[in-house]
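A, B, C and D are the chain letters, set down in written order, and residue numbers restart from 1 in every chain.
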Amino acid sequence: MIIPTSYYLVLSGVLFGLGVVAFIFKRNVIAVFMSIELMLNAVNLAFVAFARAHQQLDGLVFVFFVIVVAAAEAAVGLAIVIMLAQNRESLNVERVNLLKF
Amino acid sequence: MIVPLIVFFACAALAVTGAILLILAREPIHSALSLILVMVSLAILYLLLGAEFISAIQIIVYAGAVMVLFVFVIMLLNAGVEERTDFSKFAKFAGLPLGFFLLIEVARWMYGASAGSAIVPGADAFTQAASTRALSAELFRKYLFNFEATSILILIAILGALVLARKSQ
Amino acid sequence: MGFISQHSVLVASLIKIAVLLFIVMTALAYLTWFERKVVAHIQSRWGPYYVGAHGLLQPLADGLKFLFKEDFTPPTSDKLVYVLAPFLALTLALTALALIPFGPPYVHFLNGQPVFIVSNIDIGLIFLFAITSMGVYGVALAGWSSNSKYPLLGGLRSSAQMISYEVSLTISVVGVLLLAGTLNFNGIIEGQGGYWLGFLPRWHFIPQIVGFFCYLTAAIAETNRVPFDLPEAETELVAGFHTEYSSFKFAMFFMAEYANMITVSCLATILFFGGWLSPFPETWHWQWYLPGAGLIALGIYCVVDAATRMRGIARLQLGVVALLSLGLGGLCLLPGVAPYVQGPFWFTLKVLVFLFFYVWVRGTLPRFRYDQLMSFGWKLLLPVSLANLVITALVLLFPAFTRHA
Amino acid sequence: MMMLNHMWIVLLLPILGAAINGLFGKKFPKAAVNSVAVGSVALAFAAVCELVREFWLLPAGSVPWVQSYYTWMVAGETTSHPFRINFALQLDQLSVIMLLTVSFVGLLIHIYSIGYMEHEGGYYRFFSYMNLFMFFMLTLVLGANLAVLFVGWEGVGLCSYLLIGFWFRKKSAADAGKKAFITTRLGDLFFMIGILLAFWTFGSLTYGDMFGYAAEKMQPDTLAHPGVLTWIAVLLFIGAIGKSAQLPLYVWLPDAMEGPTPVSALIHAATMVTAGVYMVARMNPIYSRAPIAMYLVAVVGGVTAFYAATIALTQTDIKKVLAYSTISQLGYMFLGCGVGAYAAGIFHLMTHAFFKGLLFLTAGSVIHAMSGEQDMTKMGGLRKKIPITYWTMLIATLAIAGIPGFAGFFSKDEILEAVKSGPHASLWLWAVGVAAAGLTSFYMFRLLFLTFFGKPRFDEHHAHVHESPLKMTIPLMILAFLSIFGGWVAAPKLAGGIDYFDRFLRPVFTRYAPAPAVPEVASASGLSPGMQLLFAVMGIPVILAVIGLLLAWWFYIKNPDAPRKLARKLHGVYVLLLNKYFVDEIYGALIVRPLLWLSTNVLWHVVDSGVIDGAVNGTAAVARESGGVTREMQSGNARSYASWVVAGAVGFTMLLLAFIGLAVR
């Protein structure tokens, strides 16, 4: 009994959507970051599934790259978060609203 | 053999619940844990898909390093319960519905996109094809430049993190 | 019967898991005994002595004590995570062992399943790392969830420390991978077969001596052992991340730590010391009798000891131990059995050496300061292991050195 | 053949020196700066010598020797005659002469500068500029087409600007620099037009192609029918006027004396200002085909020679006198070229480089000795105190005055000879030239006497007069030697023999010469060699020179108050000359003030502040207003931003589903 690719893809779609919702919904900066990670993961799943479906390794390689990017982004992002927390005593993105008119 | 299907649905359920928990949890650390849950179940799915190496990497890098960093930061900043402010009316009334709409759209679209390629050969064949050796060959021959580029990216990330950290002291 | 024949793989795995669990648990228990004894002797004490002969029943007593103590959960703690942490720690620690080949793969059941390894997967090493890399959470979450100062600090330290040293750990191993050209444990071990100059075993620790020491250091740090045991530095943070833990949850952390020790030692054995390979050429057949001889010698020692120094119950225990070891020794001497015991015998021997080394280090070295720890990890260990990796790769570019073209 | 194939080395060395000193010189000790600067020039000179040695061995067929190193500019590849300029270098007899002169005099002056600039700030800057100048000058000389020549042309202009304004804190110096630059630029404008016209005419800027085209495909212009050739020649010559400070664009050169004396010696006497002459000589095939232009060159040259000489009579600043004499000598060179005696012109260029360089250096030495005093009326009686300077300057003066036996005599005599009896002879020009010769000797000896003879006119207690160090005097001696014997290559001609210099340069000027070719400048009349020699020696120029000498002696030694009397008698003339014919004032009134008025009232108040600022501010205002409208969206709340992003994503997916989604199904 083999599992159709569409299952995986739909799953990844759902995860991605949830990631988007989380991205909007969460107020905590770190959590927002996590939702980004979630989206990336969803995309990875799609990549692997396609790679499997077309019997090509490129998808896997791309997953590899995505993971690398995610790692880099986490490193810098979290450093920024720390700075943020030190400069203004709140992790709530809505309270960090200097970037405006 | 029904086992893979069971595994798939189990992991899928875990992943989705994890994602939902990530949204609902008020403690950042719980969000982190639920995200780890998602990642682990995804790793199992990768195994199911026959991408052993990727699943291992998924665990090592994501669950083992990135998420640890998250947890570490949460602990360091002692991030408490998140306050559910709603300063942005647009986000409240338009954002979330749009988000869910997008969720449905994407899911539907993915389904449509994959409708054509539903036939999937046995995992073992792919496992052979996607052996670590083959993968590395692909990575270091065809995608060598991109690989190097990512290394530069990592380097820059490290430097950036260093600079930020230094300034913060 | 039909079920078994159908799912023979499943059954075999279950059996192996059960046996392994039993052995490991016992081993953990007696590892504590071993450690206390050795440290005691290093510090010229007797160590556990009264509970059973040579304190042999001490671990049992400890286990009972842990079981019957009150399991106290701090009210302010984050219940879910608080409970989750120790389970996570122990589970991961034990799961890692499932990948270790304790003996050669050609020893197998009727259905062709190898006896000495639970799951012989293609990328074992990476999977091992995957599992150990998750191990951080046990400590970190424990520190966070118990919602108190010292544990938090301990958790912070440990997560930082483990991430930092995991990097060098992995990199120091890559050199071996380059030499072996495979991620499969059995592959790595068999790659180390053969001899230089006829007698010097082709073990990786000779070309990878630098990598080996890097690995050793990083491994000690990974397992939070002295001199890197800052997460639980008694003198600074009462007991570090498990300050708030009592009774059996504490015991789980304890076991997890020792299980990790074992795992890491096994890994060192596999990667650098040829796993279950014997140091002597196959042609020296007398080595087949070594296991049996060793056990019998132990038995005789116990008999003598019991006869001369022990009294009452203790004498009885030693008698039992003596009987066991004599019996096993005799079994191992049987020509039909001897060849199969070789692998496990050598493996265990090497692992024991490493464990002894662990304890030895603990008995001798003082604890690092935190900044020292970090700077050591990032500024010394990482560059060295990186250099080792690069040099290995460069050397391997010369076809003369490559074994797997 | 090595150097021949690698002529660029000659250029590379100075630019390297300039770069090193310019970039790192600030940190270097002076010794290092010296060794870099002088070393690079010395090596360049050595390279030139090797180059010349190899050039001698070259078969006549392969002269001129052209080496193209890379394609510099290309345009209109597809058109009938594309615009393609190679960075090419050319070596022939003319460039050989120039190369030797420039590099050798340059080397000497570099050495001299070590001593002269010792106590100056911006030491490294000075030498870096000097090297840069050497580079550009050599480029100018070696270039194989007008474009490369133009690069050198502008480059030397730039360096001259930088070096005149070397003491940029002194306003007069800075102004002088600007004046020089702008005035020359005025000429360069026409020069550039000339180049473009030349390209338009010949379809190429490479000398060979241009001249070949002119020789084969074009009819020479005549006095009656001036054509495009004349235009090209005239335009180029205007550039030369600017560069070589001829009437009416000479005004910058006297002010250029604000720069350090070695600069005046190198740039404003020996090399750069002669670039114009070189250019005319280089373009000789064109000039020979444009009689009007030729005549113009001759007239401008002759008139300038005389005019500048008259001004020099009354100047009291030692360097100013030399400046005007330079102008007038340059006039001689143009006069020579103008009458078709290019070789004579170049010959005078070379000898002039020697003795005028020497004169400036000695002047510098005097100034050095007087610790900065430049006014001759405050000198005097220096003969005993600085003997070397005195003797060398005497030699130079004799040379420039054209006293027989010295370099200047031969070259000047050759020019005047050509003016008198050349193919384009013109008697009045000859008269002018001769008069100028007399004046030259007068003012030069005036300078000499005022400086070195009579009783000191400064209090000897304060001014501690001292001879310059060796590194300054040795170049003086070498140049003095050259100012004596530098001209003897042409000596045999006077004895009825042939002029080796002329013989050597001849191919350059005959290759494309329009028939009839210039006859070998042999004896003008059928007199016997001895008589010729006599005539030549006793020729009118010489006599006038001697008269000038005597007059100067009578005026400034015999009875020193005679000049004042004379000045009182001829008051009008005196004032006129003293104020250089009020040319600066006239230019100021005619050109500078209107220009200032225009730029202030029109360009500034109307165009700049009105139109341009208005446009800029307008843009800014528009942006501000529009931003004010849309900025409300920028709530600064990340979540709303995210929501907007999602909205966009949704819209996009809708589109995709609308178009592609169907296809996928």
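FYI, contacts are C-beta pairs under 8 Å (C-beta built on N, C-alpha and C of every residue); 3 or more make two chains touch, one makes a residue touch a chain.
Since we're looking at a predicted model, the values are computed, not measured.
**Q** Looking at B-C and B-D, which pair shares more C-beta contacts?
**A** More contacting C-beta pairs are found at B-C.
**Q** Measuring from the mean C-alpha position of chain B to the mean C-alpha position of chain C, what distance in angstrom results?
**A** About 31 Å separates the centre of chain B from that of chain C.
**Q** So what's the Cα centroid distance for chain B and chain D, whole Å?
**A** 74
**Q** For chain A and chain B, what's the span in angstrom between their mean Cα positions?
**A** One centre to the other, that is 6 Å.
**Q** Please tell me the distance, in whole Å, between the geometric centres of chain C and chain D computed from their C-alpha atoms.
**A** The computed centroid separation for chain C versus chain D comes out at 88 Å.
**Q** Please output the residue numbers of chain D that touch at least 2 other chains, ranges allowed.
**A** 635, 637, 639, 642-643, 646, 649 - these are the residues of chain D that touch more than one other chain.
**Q** On chain B, where are the residues touching two or more other chains?
**A** Chain B, residues with two or more chain partners: 53, 57, 65, 69, 74, 76, 87-88, 91, 95, 98-99, 102, 106, 108-109, 113, 115.
**Q** Could you check chain A for residues that touch two or more other chains and list them?
**A** Expected reply: 20, 23-24, 27, 94, 97.
**Q** Draw the chains as points, connect those that touch, then say whether the picture is a line, ring, star, complete or other.
**A** Chain contacts: none of line, ring, star or complete; other.
**Q** Tell me, which parts of chain D touch chain A in their complex?
**A** 631-632, 634-639, 642-643, 646, 649
**Q** How about chain B: which of its residues touch chain C in the complex?
**A** 27, 29-30, 33, 36, 43, 52-53, 56-57, 59-60, 63-65, 68-69, 71-72, 74-76, 78, 127, 131-132
**Q** Quick one: in the complex, what on chain D touches chain B?
**A** Within the complex, chain D contacts chain B at residues 635, 637, 639-640, 642-644, 646-647, 649-650, 653-654, 656-657, 661, 664-665.
**Q** Using the touch definition up top, name the residues of chain B that touch chain A in the complex.
**A** Spelled out, the residues of chain B in touch with chain A are 1-2, 4-5, 8, 12, 15-16, 19-20, 22-23, 28, 31-32, 35, 38-39, 42, 45-46, 48-51, 53-54, 57-58, 61-62, 65-67, 69-70, 73-74, 76-77, 79, 82-88, 91, 95-96, 98-100, 102-104, 106-111, 113-115, 117-118, 120-123, 125-126, 129-130, 134-135, 138-139, 142-143, 146, 150, 153-154, 156-158, 160-161, 164-165, 167-168.
**Q** Which part of chain B faces chain D closely enough to touch in the complex?
**A** 87-88, 90-91, 94-95, 98-99, 101-102, 105-106, 108-109, 112-113, 115-116
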